[in-house]
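Both complexes below contain chain A, partnered by chain B and then by chain C.
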Partner chain A sequence: MADYWWDVIDPIQSVLDGMMFGSIYALIGIGFTLIFGVMHKINLAYAAASIGGAYASLVAFQILSAPALVVFLCAAAASGVIGYIVYICCFRFIPEHLPLATLMASVGMLILIDEVVVHATAGMPEPYPAMFDDVMIDISPFWIRGDLLMIFALSVVAMLILLYVLYRTRLGIATRAVAQQPSAAQLCGIGQQQTNAVTFVITGALGGLAGAMVGASVGILSPLLALPLTVKGLVVTVIGGLGSIPGAIVAGILVGGFENVFQYFRGVTERDIYVMLLLFVFLTFRPQGLFGRISTRD
Partner chain B sequence: MKRLLTIAAAVGVAMSVGTTADAADRTVKIAGFGAMSGVVRSFGINTDAVMRAAAKAINDAGGVKLADGSMAPMEVSFDDDRCNAEEGISVVRRIASSDAVVGVGPTCSNVAEPLFGILQAKAGDEGDSGLQFPIFTDTAIKGGLAKISEWAFRNVPNESQMYQTLFEWLASEHPDAKSVYGGVEEDFAHSRFTWYKVMKTRSADAGYEVKGEAKWLLNDTNFTTQVRAMKRAGADVIAISAHPFTTCGVLKEMARQRVEYKVLVGLTSSSSLETLNGCAKQAEGIIIPTSFAPVNPDAVAAADAAAALGGSADLHSAAAWEIMMILKDVIETAGIQATADSVAADRRAIRDGLATLKTTKGLLGEITRTDEGEAVKPYVYVHAADGTWAVLHDPNT
Partner chain C sequence: MDFYYGMAQLIGVHTLLGLSAYVVLLTGQVSMAQAGFFAIGAYLGGMLTVLAGLHIVPAMLLAAVASALVATVVGFPALRVKGLMLVVATLAFGEAVRIFWFNFDYQIAKGNIQVGPLGGEGFKQIRYFPENGWSTADVAIFIWAWVIAAMVALWWMDRSRVGSVLRAVGEDELAAQSVGINLTAVKVSAMGIGGFIAGLGGAIYAHYTTHIEHLNFGVVLATFAIAYPILGGLSSVIGVLLAVIFIQGFLVEVLRFMGDWRNLLFGALIVLAMNVRPDGLFDARATRALKRLLGGRDA
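Let's look at the complex of A and B:
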């Protein structure tokens, strides 16, 4: 194939890869946005808890030799538990009128989880199981990584389940009620604290799945992952619109795609500059993000 | 008379007991420091274990001979600098205010560079108020740092020489391999330095055509674009200058994209347990020059002693073992007092002793010391084979 064709094919391939990987950002973004939607608070420990859950699932992989799918589910379960602990430590007992206190508490929790992981593993990268990691789907001249496609599919399934829970179950109704009218929800007998706790557990499980997907896509886990995932998750949340789940999904995939485009054309050292510029463009010209509303709560 | 003799005897015994107690109280304090937290924590854990293992070996053999002929044990402490320049400087200032006679560290080059800057540049320069505290570095490997201060010494391998001979050897062993493509962790000082200043130039010197390089960052997780560029370049030799986490990520992506190459070369720091732990299968065959491998009884003994204390001897931490042995010899030759009043004089004596060394004993053979406080260490080429590091070639033989 002539060289100039590669100049066309390569950027398209980069976008495809980035969008696939962006589904992980979408999962993280959903976690941020759901907690914000329900509590109007940012949980900065969210991505660290996701990686913490993925690390915890290594017990199933390394000691019990469990198959990859079971390891992923263990990551979701462990991260759900960590999510509950984060809620109890950083949100449950801090008065609602002190949003900065919860924010700083979650920053402290981010560092704490990161350091616990580092101390438990001595900072060593740990191999993480993957599914279909040796499968390459050839759609000449493009190809799709089997494991990334699986991650994309798993992320979509997780998002659909979440949307079902939110819009088709009593738990979802309670969650949305607390998000929209917390006082009215309480008057209707919906336990606000209980709903908040369940939200942290559900988003934690979703985050654990995202952490597992990151580990699966690279093939190894490292404590280095928590901070960049936190940043990307926040970018996705803002671009998608704070509190909007469809926004987080679309923004996650967009950010993943743009990231690879910027990297392809401007190099890895400038990549994040442009991602941040994209964030500033949204904050300036569309602060409510793609799907967010200016005000959704009394 | 009898009473007088009894008193005299008692005084004599008391004096001799006092003298013995003084000698027993004296210890030669060596202050280790490095990364014990963060993602490079394993480096600090290994250096700490190796230093303690070396001190135990020295103490079991009687300790260190002081200026007055008495023997004193070596005592090792280890502080965490978190691989952070400000923290490293703070740790060393704290150590320098204690009675430690020498510091061993740091782990990271980004700590070593500014840290050496706060030391007195020229020993004995009264116009320079810099810290007068000898520091002997085991891990921070970025080239040419010891020349910053005459109080700074390093026992790290000379990467420039190692890769020069490696690429020359590869050229003779694989005459069909004509081109090189690099992979570099752009935001890590050591990785950048080693690719741009060492691997790239040395491979070109050895006659290879350098076809370019793929770049990524230390905490990147997606390497598809970079590896595609690598595949398109179609180079015979792939040289990866990155630490284990991204090295493994890239190697796995290379396997997925079925990148074909004749020779795979890695960064010195990747010849460690982390790489094998993370991606033994994909790293199979990668060739790395290293200044440590358990290839003789001394090296095996050092590795075993470190393992007994929960550490792993690799090219970085094994240097700490050599440093402890060098310090023992220097202290015995320089004749230090190891008392509270002699700390400054002892530090100066150790610095002067280190500065005069021309050769020292290393675990793989004789180490040559340069006038700039650097070491020229013997090394071997190892490759990943069946999940372990095996010696592929010894350029000294």
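Let's look at the complex of A and C:
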């Protein structure tokens, strides 16, 4: 009985670690979901912009040697700016009835952001600051890594702020109105373009924080992080249900725990296959996602 | 001269990849799985010539049929979802295929060396062309024979009733359904045709590079696959070819002198192109102009 118990501890430990890391996926998923909700378009450059923002915050870390929390906030701010640039370059001027064109433009932007980063850093991974990375909390029989707990806490705070903005401010009402019915929102005097732009800035900031969290938990930043983060973010978005913020949060944590436990059992090379299988299970049995509604409009 | 033959081979293979995405895009589905079908064709084609000792043509056809079958199977669940969901589902499928080959070992001894796919190290020694004394020019001509066959077949399909049916589904599913078009059949066949062409392209690709590994078939290749028809404007197969020449010929080769800056410019030019010509570089109006230029009547 005692031996059996010890076999269970390690998997549970990896699920816990994964769930805390999954809060990053949740942030990225929220970004995709929000932009989809407001514009009904995919911004494939989103995760790249998040990593780009984290890179920009390295300036604060390397030159000003600012404390980690300030670096994280700089990443969010920088990513917000990048989000606005992405909106102007890929969404603002392309006619709305051509979704393929915006999709392609955002792919171009993804390549561009990645290449700017490669160019600026000569393709070398850069060290990134973390908080509480020397702390290990002992809740026997488990350990909780301090930096992961910090990431989890920061993500939760960011999500709470986002939910406050969306549900308690005029800006949030405008955003939700445009998401619900763009022309009706315009008739009420809500500028569609401004709302879209603001959504891109808000999601950009959220993504920048996620990018910084990735850097903080892995310890380094690399442009190679952008594509896997894009794929995971999209998977989370679909599992959670398109346009659903609670769905993205739950799905992000679910995917994080799921992938880490499979990494424990099957190794890092195989783990993503099981994440994709999880996605297919959802697409087959629950195509609307965890919290999504079956869309009747369109 | 070999450089130009090499160019022609690359453009030929990428045209096949673009054509495979073109068929699927006509029905309004954005499939990011084309790189996955391409990978299936590449690995199976290589295994059939290297491990089973087949001639290249039957090996290619068998690999293409296998890709088409997989594509058809993927097509069915893909019908349940649309738009972003479909992009993600196909993207995930493509990645799953890539990771499958990453973990796939199947080696046999041939002479005194081990041949066959070996996980992360890839599949080396696909030496059908050198072993049978094909020159670079022969390979280029061989590839272009397939490309032209595929383009003519799709051109003809576009002009026939089949093309209209595909485009009808792409324009408006509800309207297409209301005139009695079977959406399931159309979409699944488009996926199947796309899978077949991607499989052909992959099988040739494996043989002319002689070494493939899972990293060749990632998200980047998948985005290239849909970039060609979208940049090409989805109005005819010529657009796909022109987009491949624009990207692989102009953006990759002509701008080579710019060194590191080339990749930067690459992304920026795609963004610019989609802003200036959101319908694609070679849209329906350009197709009509070309037809007039060639003396044909307006379609």
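Here is the rule we go by: the second predicted complex is superposed on the first by the 289 of 298 C-alpha atoms of A that agree within 3 Å, B and C clash if a C-alpha of one lies under 4 Å from a C-alpha of the other, contacts with A are read in each partner's own complex, and residues count from 1 in each chain.
FYI, contacts are C-beta pairs under 8 Å (C-beta built on N, C-alpha and C of every residue); 3 or more make two chains touch, one makes a residue touch a chain.
Quick caveat, the model's predicted, so the values are computed rather than measured.
Engineer: Mind working out whether A:V268 is in touch with chain B, chain C, both or neither, as first, second, both or neither?
Structural biologist: In the superposition, A:V268 touches chain B alone.
Engineer: First (chain B), second (chain C), both or neither: which does A:L227 touch?
Structural biologist: It touches chain B and chain C both.
Engineer: Which of the two partners, first being chain B and second being chain C, lies in contact with A:P141: first, second, both, or neither?
Structural biologist: Neither partner.
Engineer: I'd like to know which partner A:D10 touches here: chain B for first, chain C for second, both or neither.
Structural biologist: In the superposed model, A:D10 contacts chain B only, not chain C.
Engineer: After the superposition on A, what does A:F93 contact: first (chain B), second (chain C), both or neither?
Structural biologist: In the superposition, A:F93 contacts chain C only.
Engineer: Output check: A:P67 vs chain B and chain C. Expected answer is one of first, second, both, neither. What do you get?
Structural biologist: neither
Engineer: Scan A:V235 for contacts with chain B and chain C and give back first, second, both or neither.
Structural biologist: The answer is second: A:V235 touches chain C but not chain B.
Engineer: Look at A:G191 in the shared chain and tell me whether it touches chain B only, chain C only, both, or neither; answer first, second, both or neither.
Structural biologist: It touches nothing on chain B or chain C.
Engineer: What is the contact status of A:V118 with respect to chain B (first) and chain C (second): first, second, both, or neither?
Structural biologist: Both chain B and chain C are touched by A:V118.
Engineer: Starting from the residues of chain A touching chain B, keep only those that also touch chain C in the other complex, and list them.
Structural biologist: Shared contact residues on chain A (touching chain B in one complex, chain C in the other): 115, 118-119, 227, 269.
Engineer: Under the definition above, what is the set of chain B residues touching chain A in their complex?
Structural biologist: Interface residues on the chain B side: 37-42, 45, 186-187, 215-222, 224-226, 228-229, 232, 244-245, 248-249, 252, 255-258, 273-274, 277-279.
Engineer: Which stretch or stretches of chain C touch chain A in the complex?
Structural biologist: My answer: residues 25, 30, 77, 80-81, 83-85, 87-89, 91-93, 95-96, 99-100, 102-103, 119-120, 218-220, 223, 226-227, 230-231, 234, 260-261, 263-264, 266-271, 273-275, 278-280.
Engineer: For chain A, which residues are in contact with chain B within the complex?
Structural biologist: Contacts found on chain A: 6, 10, 13-14, 17-18, 21, 115, 118-119, 122-127, 133-134, 136, 145, 147, 214, 217-220, 222-225, 227-228, 259-260, 263-264, 267-269.
Engineer: Can you check the complex and tell me which residues of chain A touch chain C?
Structural biologist: 36, 40, 42, 89-90, 93-95, 98-105, 107-116, 118-119, 227, 230-231, 234-235, 237-238, 242, 269-270, 272-273, 275-277, 279-280, 283-284, 287
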